[in-house]
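After the structure tokens below, expect a handful of questions from me.
As written, the chain order gives the labels A, B, C and D, with residue 1 at the start of each chain.
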Amino acid sequence: VDDTLELGRVTDRRPPFKYSALARVWFSDTDAQGIVYYGRYLPYFDHSRTEYHRHLLSAPYSQAGGDLVMRALSVEYHAPARFDDLIEAFVRVRRIGRSSMTYECAAYRLPDDVLMVTAELTVVLVDLDTRKPMPIPESVRDAVRAFEGADLEE
Amino acid sequence: VDDTLELGRVTDRRPPFKYSALARVWFSDTDAQGIVYYGRYLPYFDHSRTEYHRHLLSAPYSQAGGDLVMRALSVEYHAPARFDDLIEAFVRVRRIGRSSMTYECAAYRLPDDVLMVTAELTVVLVDLDTRKPMPIPESVRDAVRAFEGADLEE
Amino acid sequence: VDDTLELGRVTDRRPPFKYSALARVWFSDTDAQGIVYYGRYLPYFDHSRTEYHRHLLSAPYSQAGGDLVMRALSVEYHAPARFDDLIEAFVRVRRIGRSSMTYECAAYRLPDDVLMVTAELTVVLVDLDTRKPMPIPESVRDAVRAFEGADLEE
Amino acid sequence: VDDTLELGRVTDRRPPFKYSALARVWFSDTDAQGIVYYGRYLPYFDHSRTEYHRHLLSAPYSQAGGDLVMRALSVEYHAPARFDDLIEAFVRVRRIGRSSMTYECAAYRLPDDVLMVTAELTVVLVDLDTRKPMPIPESVRDAVRAFEGADLEE
């Protein structure tokens, strides 16, 4: 029995991305236009961010005793995905500030590698009780810095 | 400015139901078959249950210091709703046990009153920390009993 | 029996917005942080856009024989909404191009009028078969122009 | 580059189930009780049914020129899953009628193999235009019969 599920992978195919995660379009992701509902790409990118931090052994939320909350996002839609499409969601941390991180994401359809959706998401680490911003832990910062190298803005 | 939003109403049109709540089908509720995704009726029924307890001034979760968790449900699908349909979701408490309540629900489309979906849902009140069943508060039981009358099973 | 459900209203409280729609936060909208999942504001804004066009008697999708598809969006999160909060979602068409419309949206919590989320969404009208952009119908353009007046960019 | 994504597998660990599919709990699946929203298990079971039919090379919807629509379902909740839990969703066709199929499903958490949720779902194949029931194609019936063997009711 395989009790793990590795859905992310290190990749050099689309620099500056260094990591991607796979997701299958489920029927509940579609809408009456016959395509993926535009809001449903956000969970795909959540998934790629979760796998990314799992790979780096650095889940910022749990280690810091805080919550990562969404601060701002922008999304561009290039082509529509459909039921049962296989999506490769590239993800990287583009910038780390004191309390915030900005992710860049891009979803491609496999196997034809057509670009579906790109996004930029900025999250802030907040204290669980006060909801005030708190510093990103050094261990997380170090892990991201080591993985992203010179492409990371600080 | 109207700062309330009354989406439920007392009704005698479909006994033994005595209450219904209105909901509009949103685009994000639909799927690639062009109809409402079958799992999306559950939030409509959540909504009718919330409005029902608001009307009875008896939200069991908050008053008891516990969580209402789903224990079992069954749903039957009679006809498919579509984007922008207006749904009237009838709801009643059919039975109150020591720690559980069973709701009966029925969703009709307006204005043609076609039956879309029926459901029965059994929830259990559990302690927030131990997750063990705890008694339904007497105030909730009294309010439901007063509203449902002889149709309530205990 | 009331077979309509008016959830939108003309308003002059937050110019240049002239319209808003009400929405209640459902339990299925929340996430494990105890707040509304950040992606769930998009359906609230869909709702406000649907009510807006209903009020203008001008649903662009149906009248044109095309589909309105999302092209780009940006969202900013100011404060977190919670279960059962009442949300007033302001909406306006800020700009109409040949095939596209850009909406500005802002969600406030009632009754304390705290700003939760702002968004800008650009949709494109596409032909159902070819998925190519097609012109926004003149009837829609006229209705929006009449309602938004000098605040509309063209 | 791996352009496939095998999330299902043949198994003999929980007869009469012969197949299971893996799914990771995403953050958007959780609710304000800190657990998976009870309605979100339905997409997990959709996923297991899709992978099951992919394995059998027999997607009934596409081959028949019809739509599989939900007719009835019942779900029982045994224990709550949480964010990032790994779910193994067992699935089998328990019964094939002329136009309908009844699936039995069971979701276990890995690696501790605790039972989360069980479900029974009955779908009907309907003609795309008339929405009337149509016969399950013989090729689908044969594939399911060959895979499920004597456990299949007909």
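Convention: a residue touches a chain if its C-beta (ideal position, glycine included) is under 8 Å from a C-beta of that chain, and two chains touch if they have at least 3 such contacts.
Since this is a predicted model, take the numbers as computed values, not measurements.
When you average the Cα atoms of each chain and compare centres, the chain farthest from chain D turns out to be C.
Residue-numbered contact pairs of B-D overlap by over half with those of A-C, the repeat interface among B-C, C-D or A-C. Two chain pairs, A-D and A-B, are compared here, and A-D has more C-beta pairs in contact (counted per touch definition above). Residue numbering at the chain B/chain C interface overlaps substantially, since over half of the positions present are found in both copies.
If you average the CA atoms of chain A and of chain B, the two centres end up 36 Å from each other.
Spacing of chain A relative to chain D, judged by their CA centroids, is 27 angstrom. Looking at chain A, one finds that residues 27-28, 35, 39, 42-43 touch two or more other chains. If you sketch which chains touch which, every chain touches every other chain without exception.
Those residues of chain C that touch chain B in the shared complex are 1-5, 7, 9, 13, 22, 24, 26-28, 42-43, 46-47, 50, 84, 86, 110-111.
Taken together, the chain B residues at the contact with chain D in this complex read 33, 35, 38-40, 42-43, 67, 69-77, 80, 131. Residue ranges on chain C touching chain D, taken from their complex, read 27-28, 30-32, 34-35, 37, 39, 82-83.
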